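One chain, chain A, appears in both complexes that follow, with chain B as partner in the first and chain C in the second.
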Partner chain A sequence: MSDLIAIAQSTFGRASRMKALYFILIGCVLIVGAMGLYGVLSAGRAKEMMFDAALSLSLIVGMLTAMSSVFEIPRELKEQTAQLILTKPLGRTHFIVGKFLGVSLLCVYNVAIVCIGSALAIYMKYNSVDPNLYVGCALIAAEAVLLTAVGVMLSLLLRDAVAAVVLFLLFVIGHALHVLPVAFGGAFAVVGYILPNLYHTDFSVLLGNGISLPREVFLWAICYSVTYSIAVLGIAVAVFQRRDVA
Partner chain B sequence: MKRVPVIPLIVVALAFALSFVAAQKVETGRSELITNKDRLARVYLPCMGMDKFLADLKWVKLIQDMGKVKGKLNENAAKYFARVLDSITDLDPDFSKAYQMGGMLISNELPQDAINLLQKGRKFGLKESWSLPYYSGFFAERFLPRKQEVPMNECLALAEKYYEDAAKVSGRPFYVDHAWMRLATRGAGEDPVEQLVAQRDFVLKMKPKVTEMEGMPGAGEGMYMEGGMEMENSPYILLSRRLIQRSSGLARRLVEEHSSAQDAEYKKNIEEQLKRVREVFEAFKPAGHMCNNCLVPYGPGQFFCSGCGAKVESYAYCRECWAKGKLVLLSGSYCHLCGTKSPEAPKVTVVAEGADEGGLKAK
Partner chain C sequence: MAVIEVEGLSKIYRKWIPPRTIRALESLTLSVGENHIFGFLGPNGAGKTTTIKLLLGLNQPTGGTGFILGKPLGDQETKARVGFLPDSPQFYAHLTAKNFLYYCAKLLHLPHEVYSVRVAELLKRMNLMDAENRKMGEFSRGMLQRVGIAQAMLNNPDLVILDEPLTGLDPLGRVEIKNIMEELKRDGKTVFFSSHVLADVEQMCDDIGILNRGRLVRTGMVNELLVEQSLTVWVKNLPTSEYEAMQDLTDSMTMRKDQCGFALKEMSKADEFRALVAQKGGEVVQVEGKRESLEEYFLALVEQDNTKRKEEVSV
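Coming up: the complex of A and B.
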C-alpha cells in the first residue's frame, strides 16, 4: 500500500510543482472574475455567466490534467524508470494504479483550485455563492478521474500522441453519446454504455439554471465515474501484465 | 506463454456491470428533473459539456448585434436573430431571457417565429412560466394580425388560448387573467355595460368546485380548487374582484352622469344601464357595507355615501348616544359610554366622538 502511495505522491508532486500550471489556474479564475463585468453586455446575466464560466473552465482544466495521464507511463517506460521501479518487489498493478491515483489527485486538486477561486470571485461580486457550483465542480472532478483512467489505458495501447488525440475525441464524443439512441434508435444505447459516457456526469445546464441535483442522482453519477474508472483500469492492468517492458 | 489475468478481468466485468446500473439510475434521476425528454435530441452540437457557457457567449454576441441595428429592424436581420435565438435555446432550453427578450425583439417583424420561440420554451424547458404563454398571446393579438397572413379572428382565438394557458399558472400577475377575460368576451363589442355583463357570464361559468381541505398539503391555510390550485389564485377569484371594481367604478360614473343629465330619455337609459351594472355587482358582492346607489363601500357610523351622497343604512354606532347628539362608534357589543347593547356587531373600530356632529345633525 505504501508503494502505491509513494508512486501516486511522486506523480502528483512532479506535476504540481510546475509553475505554469498555477499561471493557467490563476488565468481561469481571472476569466471567471472578468465575467462579472459582463452585466450590461449580457443584459443582466453576469452572475449566470460567472457560474457557467467557472464550470466550463473547471471542465477544461480537468480534461487537460487528465490528458497528462496519457504521457505519464510512456515517459517512464522511455526513460527506463518504470523498469527500475518494476525490479523492486512491486506489482505491475501497483504501478498502474499508483500512476492513476497520482494523476487523479492532480485532477481533483486543479479542479478544486479553479472551483474555490471562482467561488471567491463570485462571492466578492455578489456576497453569495450558489451551492450548485460545488456540486458541478465535484462532478467535473469525477469526470476528470474517469478520463484519467481512460488515458492510462490508451497510453498502454497506443503511441502517446495518438492516445492523446483519441482521448480528446472520446471526451468530445462522450458528451454527445446520449444523442445516439434518440437520433439513431435504441440499439445505439449500448454504445453509450461501452464508451465513456460523460453525459452521466454533465449536469451543468440544469445546475446553471438553479435546479438542484437530488443527492441520490449526484451519488450515482459519482458512482458511475468510479466504477467505470475501475473497469477501464482493470483492462489497463490486464494489458500491462501481458506486456513486455524490458 | 503468459497467463490470462483472471482477477483483473473479473474486476472489469463487475465494475462494468455496476457502471451500467449507475448510468441507468443517473438518467432516471435526470428525466425527473427535466420537463421534456425530447430536448435531449435537440442538443446535437459537440459542445463538450459547455453548452450553457456557449449559450451565454452566443447571447452576448446577440446583444452586441442588436446594438448594431440602426433604426427599425428589417426582416432579414430579424430572421438572423431568430436563427441565433433558436440555437441559443437549443444549447440551454431553460434560458428564460432568450425566450422573452428574443421573442420581443423579433415579434414585430416575425410574430409567428416569436410565438414559435416562446412555445419552444414552454415545450422544452419553462413549463411553469406564465410569461411565455402570456407573451405568445400578446404577440398573437397585437402583431400577428398586422402581417395579414392569418385572419384576425384566428389570431384572436389563438391569443385567447394562450392567455387561458397563462392564467392557469400560479404566481402570474393580475393582468394575465384580465387579458384572457377581455379577449374571451370580445363578442360583447365596445359598450362597457355590455362588456361587463358578458364578463360576468364568463366569470360565473368558471365558478370553481372547491375540494375538501382535509388530507391536502397545507390544509388549513387556504381553500383548494379541483386540480390543486389554491382558491385565492384561481382565475374566478381574481376576475370576480376585477368585476367588483369595474362595476363599482362604472356605477359611480353612471350616477354622476345621471345627476347631470337633462334629457328624460337619456336619464331613463342610464337608469337601465345602472340596473344592469348593479346586477353584475350583486353577482360577486363582497362582504361588507356598500352604497346601493353607486356601490362604493362605506364605514361604520356613516349615514350618507361619500361617493354619491345617497342615504345608506348606517351600522356600528350607539343609537342611544346618537339620540343625545353624540356619535359613538362601537368597538364591541356594548357602547363604552352608556353601556347599551348594540343591535349588530361592528366590523371596524373607530371612535370619532362629536367629530362632525353638526354636519351629521344638519343632514
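Coming up: the complex of A and C.
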C-alpha cells in the first residue's frame, strides 16, 4: 500500500507543477467573479450566471486536468523512470493505479479550488451560496475521475497526442450519448453502455435552475463513475501486464 | 552459484506500421557467477538493453528461459534483491536527491527508520551530501548517474544491473563510477553492466560477453579471451657485436639505458631466444608480454561476425 501512495503522491506532485493550469484556475475564478458585474445586462440573473459559469469552468478545469493523465505514463516511460519503478518489488497494477490516483486527486483538488473560489465570489456579492454548487462540483469531480481512468487506459493503447484527441472526443460524445439513440436509432443505446456516458454525471441544467438532486441520483452518479473507472482501470492493467516496457 | 543464468533467451519485436519484425535477441545463453563484474558489450542496437529488460522482467521473452538469483525472470521477490540503473535516466527534476531516494525506498517497502539511515549513508558514499537538498533538475550528468547508482543500492542488493553507466561521463565521472563498481564487488555483490567504454571494461571486468546483432558471439574471462600477442625480452651485458645474431628470432630492437629489448617474431621461440642470449654471454632481465586490447579484440570479433553473416545471407 505504501508504494501505491508513494506513486500517487509523486504523480500528484509532478502533475500539479503545471504552471499553465494555475493561470487557468485563477482565470476561472476571475471570470466567475466578473459575472457579477453583468447584473444589468443579464436582466437581473447575474447570480444564476455566476452559478452556471462556476459549473462550466469547473467542468473545463476537471477535463483539462484529466487530460494530463494521457501524458503521465508515456512521460515516465520516455524519461525511464517507469522502468526504474517497475524493477522495484511492486506489481504493474500498483503503478497504473498509483498514476490514476495521483491524477484523480489533482482533478478533485483543481475542481475544489474553482468551486471554493467561485463560492467565495458568489458569497461576496450575494452573502449566500446555493448548496447545489457543491453538489454540481462534486459530480464534475467524479466525471473528471472517470475521464482520468479512460485517459490512463488510452495512454497505454495510443500515442499520447492521439490519446488526448480521443479523450476529448469521448468527453464531447459522452455528454451527447443520451441524444444519439434519438438521432441515429436504437442501436446507439448500446454505445451508451460501452462509452463513458457522462450524461449520468451531468446535472448542471437542473442544478442551475435551482432544482435539488435527490440523494439517490447523486449516489448513482458517483457509483457509475467509480464502477466505470474500476472497469476501465481493469482493462488498462490487463493491457499493461502483457506489454513490453519500451 | 550462478547469479544470472539464461538459456536460449530470444526476443522478437513486432511493429505494425509498417509491418515488420525485429529479431532483437537470438537464443542467448549466458551465465554470470557470484561476486563477478560482468561487462556486456556490443555495438549500438546489438540487443544489450533488450537483454537487460528481459532479465528484469520489463519485457517478455519470445523464447527461452532465465533465472536471476535462482528465481525465474520477473519474479517479484527477486526484485527486492536486485538494483537497476537505466540508460540515460531523467529523474524527476523537481525532486531533491534526498526526496527521490526516499521515494525509491518507499517503493522498496523499506521502513522509515531503515531508509532514513541508508539514504544518508548512500548520499555520503556517492559524494552527494552537499547536493542532497538541491533539485535534480540542476544536476550534472555525473551527479545524476551517482543518484541513479545510489537508488540501485538502496536495498543492499545482491545483484546490480547497470545499463551504460559510463556513457556521457567525463574522465573524473568515469573513475568515480568505476570505483563504486569495484567497491560493490568488494562488498560481495555481482555487477552486470553494459558499456561502450571498452578500456574501462577491460580494466574492471572479470568476465565479458560480446553481443552483435542479437547474437552472443563470445563470452568468457577477460584474461582468457585477450591473448598475449607479442613478447619483448629485455637483455643486458650482451656484446653489441652479437646483436646481429639475434635477428633471425626478432622483429625489432629497442634500447633502454644499458638494456636492449628484442621483440620476438614468434612467442613460441622465447626459450630458444633465452638459450641464444645465454650462449652469447647476455643476461635476460625481463620478459614483457603485450596483450591485445579489448578494443582490438572487440572490433575484430564484430567484423568477423558481420562477414560471417553476410556469407550466410549470400549462401
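To be clear about the criterion, the second predicted complex is superposed on the first by the 241 of 246 C-alpha atoms of A that agree within 3 Å, B and C clash if a C-alpha of one lies under 4 Å from a C-alpha of the other, contacts with A are read in each partner's own complex, and residues count from 1 in each chain.
The rule we apply is simple: a residue touches a chain if its C-beta (ideal position, glycine included) is under 8 Å from a C-beta of that chain, and two chains touch if they have at least 3 such contacts.
Bear in mind that the values here come from a model prediction, so they are computed numbers and not experimental data.
Undergrad: Would you check which partner chain A:242 touches, where first means chain B only, second means chain C only, and both and neither mean what they say?
TA: Touch partners of A:242: chain B and chain C.
Undergrad: Examine A:85 and indicate which partner it touches, taking first as chain B and second as chain C; both and neither are also allowed.
TA: second
Undergrad: Who does A:7 touch here: chain B (first), chain C (second), both, or neither?
TA: Touch partner of A:7: chain C, not chain B.
Undergrad: With both complexes overlaid on chain A, does A:17 touch chain B (first), chain C (second), both or neither?
TA: second
Undergrad: Would you check which partner chain A:204 touches, where first means chain B only, second means chain C only, and both and neither mean what they say?
TA: First partner only.
Undergrad: Is the number of chain A residues in contact higher for chain B or for chain C?
TA: On the superposition, B touches more of the residues of chain A.
Undergrad: Give one of first, second, both or neither to describe whether A:56 is in contact with chain B, with chain C, with both, or with none.
TA: first
Undergrad: Go through chain A and flag every residue that touches chain B in one model and chain C in the other.
TA: The overlap between the chain B and chain C interfaces on chain A comprises residues 242.
Undergrad: Under the touch definition given earlier, write down the residues of chain A that touch chain B in their complex.
TA: 38, 41-45, 48-49, 52-53, 55-56, 59, 63, 93, 143, 171-173, 175-176, 178-179, 182-183, 192-193, 197-200, 202-206, 208-209, 211, 213-214, 216-217, 220-221, 223-224, 227-228, 230-231, 234-235, 237-238, 241-242
Undergrad: Show me the residue ranges of chain A that touch chain C in the complex, using the header's touch definition.
TA: Within the complex, chain A touches chain C at residues 2-3, 5-7, 10, 13-14, 17, 79-81, 83-91, 242, 244-245.
Undergrad: State the interface residues of chain C toward chain A in the complex, per the touch definition above.
TA: 13, 53, 56-60, 76-77, 79-80, 82, 84, 86-92, 94-95, 103-104, 106-109, 151
Undergrad: For a test of understanding, state which residues of chain B touch chain A in their complex under the given definition.
TA: Where chain B meets chain A, its residues are 2, 5, 8-9, 11-12, 15-16, 18-20, 22-23, 25-27, 29-30, 32-34, 38, 40-41, 43-44, 46-53, 56, 59-60, 63-64, 92-95, 97, 101.
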